[in-house]
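Before anything else, here is the set of structures, which you'll find just below.
Here come two complexes built around chain A, the first alongside chain B, the second alongside chain C.
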Partner chain A sequence: MAAVAARPHRGAPGFARRALTSDHLAGWLFVLPAVFLVALFSIFPIIWGFILSLQKASLISPNRPFVGIDNYTHIASDPVARQAATNAVIYTCLFVPTSIIIALFLAIALNQKIRLIRFYRLAVFIPVAVSTIATGVMFMWVFDANFGLANWALGGVGLGPFGWFDSPSGAMPSLVIMTVWGWLGFDAIIYLAALQGVPHELVEAAAVDGASRWTIFRNVTLPLLGPATLLLVVWSTISAVQLFDEVFFITRGGPLGHTNVPVFYIYRLAFTSQYGFSAAGYAAALAYVLFVVILILTLVQFWMGNRVVHYSS
Partner chain B sequence: MSVQPDVRAMGAITAATARPALPGETGMVEKPRARWLPFSPWHFVLMPIAIIMLVPLLWVVMTSLETLAQTQHFPPILWPGSFQWSNYPRAWSSVPFDTWFINTIIVTTTVVVSNLLFCSLAAYGFARIRFFGKSVAYFFLLATLMIPVQVVIIPTFLIVKQMHLIDTLGALIVPNLANVFGIFLLTQFFRTLPIELEEAARIDGASRLKVLFRIVLPLSLPALATLAVIQFLWTWNDFLWPLVTIYKESAFTLQLGLMSFQGSHVNDTNLLMAGNVMSMLPMLILFIAAQRYFVRGIATQGLKG
Partner chain C sequence: MRRHRTTRKKLVVPVIAAIALVAVACTSGSDSGSSSGTGSPGSSGAPIELTMWHGYGKVIDNQGQTNYEAKSLTDLVDEYNAMNTGIHVNLDYIGSNDHALEKLTVALNAGEQPDITYQYGTSMPQIATAPGVMDLTDMVQDPSYNWSDFSEGARQAATVDGHVYGIPALIDNLAIVYNKDLFQQAGVAPPSADWTWDDFIAAAKALTDPSKQQYGWAFPIDGSEDTTWHYDAMLWEAGGDILNADNTQAAFNSDAGVQALTALQQMAVTDKSVFLDQQNTGKIDTLFNSGKIGMDVTGPWALSGYPDINYGVQIMPEFPGGSHATIAGPDMWVMFDNNGHGEAAWQFMQWLTAAEQVKADAMESGHLPIRNSVVTPSFLKAFDQKFPGEGLFAQNLTNVTKARPVITSYDQISRIMAEAVVKVMLGQGDPKSSLDDAANQVNQVLAGG
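Right, the complex of A and B next:
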């Protein structure tokens, strides 16, 4: 900027014109609307969220006294928070491996060039378009204890009847089955994209060398799917830890708190009368802890993954 | 899994040596069909999976066409003899579905259009203009992709409340006018376009806006379509944010409406499922029609990680 000002110029109009046509101004004018919106609705809230976590805050009253780190120390002694954390761990450990392993084999099958493959792909992808609430309405009916399809089908092979969402031990596995149904298409699409990026020369070379299909899969294809797997592990973990819609709509955290998960607890603390509308600060602290946990999990997964995963070129 | 590995390998060799691969051929190893079957054995894997994935949806449709007595029958009735099409108008008129549809369409269209506009502008700035602070701004934008929604939801609620938008459609629109995924997607795409056309137009005196709207955007229709359908999907199906900002029924979106409809019709399973089908249908139709763009958008979402 100093160089611009030092150059001889013909008065203010010329300077103004140059400023208006400069790349700096033009660049900022182009990005400003979006940058402003993101700053206002993402960057500013993340700072304010931290401030709120140090306050005794309510969403109703503008009076928000500072309480230091009380909200954070309270988390350690809060049995409901501990229960929510435990449930999140259980759900994540069930959901992430189940969905990714099924999706991997599904994607391999969907990568075959056979008849009806467009139909098969559509069948697997279509739950992506179904909302969590519509999925909930659907699975509450499929898993209906009295008239549901699931109990009838399993009864046919001598299993059940199960209580599904209504039973303390069955609610969490039922949520896992339902969300795997909903997420399989997403995972399969990412795996399918990765599979189609596997260089044909490698597969052909291995085949020419007489490698069996299993050997090719194990030693050529699978290592090349490493980045996609890492990504799906990270992505699925992040979304599993943040499970909310299904719990809110179907189980309400029950039965007996067996599906009470962190975001559901945060929601009840901040937005419902259950805790007297006065726990928004505590909820913000919990949300921040969850954020840090997610960050650490992500970094650890990437760090561990990068030691195992092979990136081609 | 592998039926006849050695035969397959031999097939690959003959395929590779017999003739050069034609353009359009994928170059995949030719897989001679297992001889004991008239079709690929993969159907044994894929057909059951396709059925498992589709059966819940199909059963919802079947239930929506049954009488109430038929829904309360065990074993379940998979094919009701006569279809109760009247369940649909009954479900439609028993709650303000029309209002909820219109609300959702207003919110979704506004958000999609504004995202196309603001993300295009920003992406053009990031992809084509050198300006002070660009890489820092871009880095901060991408960093916000890491922020989970529940961390910002309480402060964002307070901001929207300050704007007096709570309980209005504005609460659903304003915070979502531009999103970082769209900026990222379009920036990446614009960078792949040949710059020569744009430079030529600039030399001929076209303004940057004109270059963006007359040259860059027409070349970017696939990317714009990808952004549009993914944003459409997110906004149409969003639940948590509408849940905390909308309380009155007349401002409900379809998802909130479906939830309330479920609450008031717990035992009218046939009507409930008719409502569910109606709520899903627009998104399903869009998905089937624009599957290519959804798939591309999701694959890109994968890339952003």
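Right, the complex of A and C next:
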């Protein structure tokens, strides 16, 4: 870089020669395959999706008239979109804190020096590696209102029976339990790595100063976990807003729309005719709005994180 | 899952599925290698290659069982390929038929649509708008094809605005499949051909035993077309209609519609005699086969999933003054004219849906014959002997008197109706106001186009 910059500027021919011989060219050649793939699978669909969002279109018929921003203005008066947004907020508010708090406790437990600790760590992480569909089949029967293990076990201690996925009020909490179970291992591993990065000197110094275990955790360990927490909050929020697989496979948005979340609604608009034959353009518009919402959420979280996270390593 | 005969496969431990996938990936590679070798007769150059999508499953399923639906189609295609007509058909199993339209949608956008694809009849109005879809109106009128031999309901479903876009691939209908042993234990007379819905409700109640977690009936409340068509049949049995004659107004909120939904409400909410399946991924079949459910309103595809129980089949009940009407789900073969291969696709389709092949397929797979001329007394006898209970389903085709509206907004109407049915069955609405509310929404859809 420095050598290139130091060369005297000699106009266009010199520029071309410089471009061909410089490290830049090699650099660009190295990233070219990646750039090409990103352009093909990300940038092109992003542009195509935007064009689609300005059309009244089904994905089947080639007849796609432009309707301007009608699709965007329609969102405000669409009760199903409002319901999907509400469901997303409920899910995110339940999923993000629950999974992160439980993961923190798990990570602390997994950070102890006890026998078989590698086995426990593996056991906690396994659900992350299990496919959503397998998890779904399992929970569908565990949470079966009539024949499920959960109601049988809870019935043993005098609770229930609960409707789980089948009841309008229980379906969303059931989804939260299932997805928290599936994501816990991931969150716990992130926290575990962060915990192992906490310098022993700080903990020992605090102990020498007479701090209790709780005080050490509260004032030394927890602040040092700030960056990990920020990462998990951002990551979990994005994945919560994008919830799809579990809904698609288990509840199909039901009962009565109580688990109809944005991405599932967008899928139904675009690829089925259940909300009208020419709704793919509207689906694209909703997808764009969802993208902007996620972008804003992430920016807000980083902005808040920078004010709260004290020790960024 | 409606009209997907091999739903139980979905519950297979995914690890096994993954291993099977790897195995399939290996074997299918060698399959295509050998078929391209045998496919060239050498005399007239390379044959025209046609791709045909279907959703019947693999010939040997993940549990190692022979899937006779897939085997039957594969055998017929192999037979055709062996005739060396200059046309070679390659079968492609693309997963559940429930998602066939979505897959076709994606393929169309990539320009990778197959030459022939299996699709639900209710998808025909959408498919009619696709580029390259073959308009078969003139072709089926050829006297040698004998188009009127196909059942009226199936031909209606294949026709969009007077144009034929599909050839019936499969037709089935709903009837009562009941567990004979549970009826005997409960001391209830089994369903008869002159049953009314009151008889059905009483039997469902008598068969329900909460202590044994046993239900009289089961109903899919996932809000899909599966919910709607079960209700449609009852609506027609009460003498009602989905829409008015020219498809401009909702008609299901009539007295007949309310009567049908009130019967469902009675069983689901008051008697609690119905197992309500929210997920609808094969649970009902599993429970019925385990003797936990007394009656199942289902189609002929389900019978192969009930090897563990002693079942009987009976036609649908009627509402007083109504009929024993049932609903048919005709599925279609849809063709695309790719690279000028449309003529070849039609040639193959004529052969596949000729009476001889229809009969062979019925006897091997248990499909109801799609051509009326095949249903002779001697055929019925042999058919019912090989597939107990299927004979009644074949005869029940005469109770198919109405078809669902063939319009592009049908899926939307179906969704709105299903929501009303689910709402009432979950005890969150009363039949009349729920249907009126749904009718208002449907009228808005019909007015808005």
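FYI, the second predicted complex is superposed on the first by the 283 of 313 C-alpha atoms of A that agree within 3 Å, B and C clash if a C-alpha of one lies under 4 Å from a C-alpha of the other, contacts with A are read in each partner's own complex, and residues count from 1 in each chain.
The definition used in the following text is that contacts are C-beta pairs under 8 Å (C-beta built on N, C-alpha and C of every residue); 3 or more make two chains touch, one makes a residue touch a chain.
Since the model is a prediction, treat every value here as computed from it, not as a measurement.
Overlay on chain A: chain B and chain C clash in the combined arrangement. In the superposed model, A:Val38 lies in contact with chain B only, and not with chain C. By the document's definition of touching, of the two partners only chain B reaches A:Trp214; chain C does not. Within the superposed three-chain model, A:Ala284 lies in touch with chain B and out of touch with chain C [touch as defined at top]. Of the two partner chains, chain B and chain C are each touched by A:Leu59.
With both structures placed on the common chain, the touch criterion links A:Trp303 to neither chain B nor chain C.
Chain A has more of its residues touched by B than by the other of chain B and chain C.
With both structures placed on the common chain, the touch criterion links A:Gly148 to chain B but leaves chain C unconnected.
Legend: residue contacts after superposition of the two complexes on their common chain; A:Ala134 is shown touching both chain B and chain C.
For the superposition on chain A, the stretches of chain B under consideration are 96-104, 168-176, 186-194 or 204-212; the one running into chain C is 96-104.
Comparing the two complexes, residues 59, 131, 133-134, 137, 146-147, 249, 271 of chain A contact chain B in one case and chain C in the other. Those residues of chain A whose C-beta lies close enough to touch chain C in the complex are 58-63, 131, 133-134, 137, 140, 144, 146-147, 165-166, 168, 171, 249-257, 271-277.
Looking at the complex, you find that chain B touches chain A at residues 1-2, 5-6, 8-9, 12-13, 16, 26-29, 31, 39-40, 42-43, 45-47, 49-50, 53-57, 59-60, 63, 71-76, 118-119, 121-122, 124-126, 129-134, 137, 140-141, 144, 146-159, 161, 174-180, 183, 208, 233, 236-237, 239-240, 243-244, 255, 258-259, 262, 269, 272-273, 276, 279-280, 283-284, 286-288, 291, 294-295, 298-299, 302, 305.
Residues of chain A touching chain B in their complex: 23-31, 33-35, 37-38, 40-46, 48-49, 52, 59, 105-106, 109-110, 112-117, 119-120, 122-134, 137-139, 141-142, 146-149, 152, 181, 184, 186, 189-190, 193, 200-201, 203-204, 207-208, 210-214, 228, 231-232, 234-235, 238, 242, 244-245, 248-249, 262-263, 266-267, 270-271, 280, 283-284, 287-288, 290-291, 294-295, 298. By the touch criterion given at the top, residues 10-11, 13-15, 101-102, 104-106, 108-109, 125-127, 129-131, 213, 221-224, 275-276, 278-281, 283, 287, 292, 408-412, 414-415, 419, 422-423, 426, 428, 445 of chain C touch chain A in their complex.
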